[in-house]
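Dropping the structure in here first, questions after.
Every chain is named by a letter (A, B, C and D) in the order it is written, and numbering of its residues begins at 1.
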Amino acid sequence: MEAQRLESGRQTKKGRGMINKIVGSMREAVSDLHDGASIMISGFGEAGVPAELIDAVVEHGASGLTIISNNAGSGEAGIAALIREGRVRKVICSFPKMAASHHFDARYRSGELELELVPQGNLAVRIQAAGSGLGAVFTPTGYGTLLAEGKETREIEGRHYVLELPIHADFALVKARAADRWGNLVYRKAARNFGPIMAMAARQTIVQASEIVPLGALDPETIVTPGIFVNRIVCTSPALTADAA
Amino acid sequence: MEAQRLESGRQTKKGRGMINKIVGSMREAVSDLHDGASIMISGFGEAGVPAELIDAVVEHGASGLTIISNNAGSGEAGIAALIREGRVRKVICSFPKMAASHHFDARYRSGELELELVPQGNLAVRIQAAGSGLGAVFTPTGYGTLLAEGKETREIEGRHYVLELPIHADFALVKARAADRWGNLVYRKAARNFGPIMAMAARQTIVQASEIVPLGALDPETIVTPGIFVNRIVCTSPALTADAA
Amino acid sequence: MYRMDRTAMARRVAKDIPEGAYVNLGIGLPTTVANFLPTGKDTFLHSENGILGMGPAPAEEDIDWELINAGKQPVTLLTGGCFFHHGDSFAMMRGGHIDICVLGAFQVSVTGDLANWHTGAHDAIPAVGGAMDLAIGAKKVFVMMDLLTKTGESKLVSKCTYPLTGLGCVSRVYTDVGVFEVGKDGARVLEMVEGLTLAELSYITGLKLALA
Amino acid sequence: MYRMDRTAMARRVAKDIPEGAYVNLGIGLPTTVANFLPTGKDTFLHSENGILGMGPAPAEEDIDWELINAGKQPVTLLTGGCFFHHGDSFAMMRGGHIDICVLGAFQVSVTGDLANWHTGAHDAIPAVGGAMDLAIGAKKVFVMMDLLTKTGESKLVSKCTYPLTGLGCVSRVYTDVGVFEVGKDGARVLEMVEGLTLAELSYITGLKLALA
């Protein structure tokens, strides 16, 4: 059918449009946070934590936040700072107890901070369920334990499962190694961790990238997070932004 | 704690072991197929179809097979040949109707071939559920349609979902662009399609790679299928195997 | 009555796709919408078989059968595009990441039910592909179809008689004689071709239609 | 009674990890098993934070804090290793792709129940990490622990009193005085340190034990 033929060469192969998700500052990147927002934060230990974006959240001042992350902060910076400043209402995480998690510990023990403790793989799969539009999943992890108490269970093909619901978020803060103006991302080593799946699960994904590269500089075969999952990018070395974007 | 310290440099950085998943021929790669086996086959249209491995399955002679693939064969080769030869008992796919799917059409109409028609995204997510150990998932796709008839449904947060079970398989046949001896894989363009998720869902994953490369030649950041999901690899250009492995 | 040809319809749909949108164009007529997206603007075409940033058809000599669209036609990749597996591709749809999807249809109901995968014929070989995932996954589903069948029946109906693809999923219907909004509150006419009246449109569809 | 030290225990566990196995070593004592895997053989170490093919600790000058293990210690990547995200990493565990996982424990029951994440203390801050995923996901779960607590109670028990990590998930228990098989049919002794008798072992554990 003639009408159904794709025309050749009508668009040039170079994306000549102007879509540019790069913003100029950390402050601008988090400007539309709001009180009561839920925020996913990538990272495992220190690897992959978007430290500068979290600093900007502290500065922004939004409070009553729900933080979804593997850990609940350590020392004085990052999530620990948000908790210390009393901005966090609830933490959803797998491992809040760290060597220097004193700010979490204090607020948790005083009852000011709600904790939803989730096995790490259930945290991952619930985030994935949100990103991929599933209503719920039956996971074997946690069956028969305290962390499945009160949850629906089911035996399927001789194995026991717990029904777990997706975890959505208003925002995801993600650290990447490099990004282009369409929001395509690559990561570095074990700093990848929760970044790609959180980027898929939040309504707004905000990325801090160590480097901004020109469109086309990332190999299409090796992009880990396609730009469709990214809303805003800010470079941690602003000098590198000007060169490339 | 002294005892809990990881020792440095005890293993050399070069993997000096002998694990080698490469086999010498297509015939050897499929030698342990059995009658009644379920086999996932990658590919969308012609892209990513492991044609040579399917030829080897035809030659092997196993019958009573369940084929899990996006399509159900076209023309005279590949899945169409398996169906023509009467080897296939059941097809699980999303799109069996093709311009030249006459072998499928004939066996289906005669009642010799069972068809489980699955929306493409449910096919993907059921394969993913199998690969990632989930017992079942609630998916919105197909709700209220013929393809959800008789299936459990549930309303979650105001949206309707259908409960779908994982699709496991005895074997997956996958086409990759390049592989190393540990089974790490990369793909080419839209030939990637079902390969990575099928490799995760089968008990035995058999790969035909256009090229075998030495261990370390694939960038650890850009490996798409980690070797843990791969059991056997055969090169479609055997000359390239000898060089690299 | 003046009727838009397929080119005019594709052009009309393209007008409603804003820059920056992530778009999936269904097999057949919807695919041609790509030909009318403005040049010099970034629109992101998604293909279910694992492509984002799909470009136009290649020159004959550049055809690569591992770079095809959902209709199995050769395509190209724009600079900045990328590849991913079927799991991620359908997560983009099911997860609500695609802004607009354009589909053909046998029937659309005034409440937005879609029938586009099966005629219901007893002896037909059923095939669904990604139709159901697209129908329920995209933020907005645009349908593109002639308003009437070859035998003159309206394809915009009060209730679909063909097997459904998805319930209440269609936002807009672009036809050869007008554009309709459908949904919980029923169908409303957004545009009509010149010379057509609301009364005539109501008559040929057999529906109680109002202007939006 | 002779007791193996931690080095001997790690060496003993390492002996039961065959070449080619995909292995996850838990935080703490199990991590040290890596030091006793034979050189010149390919064993694939998985780390929950997205690493397969994990190598030994780096020299001081090569430490990279974006290349750490589950215990947040700096590690290296073997040639042929790779990185992936948390979704894929836990799919490897939950999906049964890891052959062996080695974990510490507070208690293991004779039927293979595992308690290793929480002492149940009222004021403790609970933290679970990947413990529950590892417990139920790996094909074989090896536990590595001293048989007795500091106060002399057996950690191999008929029924765990600490909160559970997983039900019936442990295959073997490697202790300082012997190796046990646990499971549906109860606990059986595979090995004992020299000089220990089955009667003594039964006495100190308070369990009815048999040789395998």
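Operating definition for what follows: a residue touches a chain if its C-beta (ideal position, glycine included) is under 8 Å from a C-beta of that chain, and two chains touch if they have at least 3 such contacts.
As the structure is a prediction and not an experimental result, all values here were calculated from the model.
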(request) Return the chains common to the contact lists of chain B and chain C. (result) A
(request) Could you please state the distance in Å, as a whole number, between where the Cα atoms of chain A are centred and where those of chain B are centred? (result) 30
(message) Taking the mean of the C-alpha atoms as each chain's centre, how many Å separate chain B from chain D?
(response) 32
(message) Centroid from C-alpha atoms only, then distance chain C to chain D, rounded to Å. What do you get?
(response) 54
(message) For chain A, give me the residues that contact two or more of the other chains.
(response) 125, 128, 132-134, 139-140, 187-189, 221
(request) Could you list which residues of chain C touch at least two other chains? (result) 77, 83-84, 87, 90, 93-94, 137
(request) Name the graph shape formed by the protein chains and their touching pairs; answer line, ring, star, complete or other. (result) other
(message) Per the touch rule above, enumerate the chain pairs that touch, sorted by label.
(response) A-B, A-C, A-D, B-C, B-D
(request) Please give the residue numbers of chain A that touch chain B in the complex, ascending. (result) 125, 129, 132-140, 154, 156-157, 159, 161, 165, 186-189, 219, 221-222
(message) Under the definition above, what is the set of chain C residues touching chain A in their complex?
(response) 5-7, 10, 19-20, 22, 28-29, 31-32, 34-35, 37, 39-44, 46, 52-53, 55-59, 69, 73, 75-84, 87-88, 90-98, 137
(request) Flag every residue of chain B that touches chain C in the complex, lowest number first. (result) 44-48, 94-97, 101, 104-105, 108-109, 115, 117-122, 124-125, 127-128, 139-147, 160, 187-197, 224
(request) Would you pull the chain C residues touching chain B in the complex into a rising list? (result) 47-51, 64-68, 72, 77, 83-87, 89-90, 93-94, 118, 123, 125-133, 136-137, 163-167
(message) Give the list of chain B residues in touch with chain D in this complex.
(response) 1, 3-19, 128, 130-134, 180-182, 184, 200, 215-216, 218, 220-221, 223, 226-229
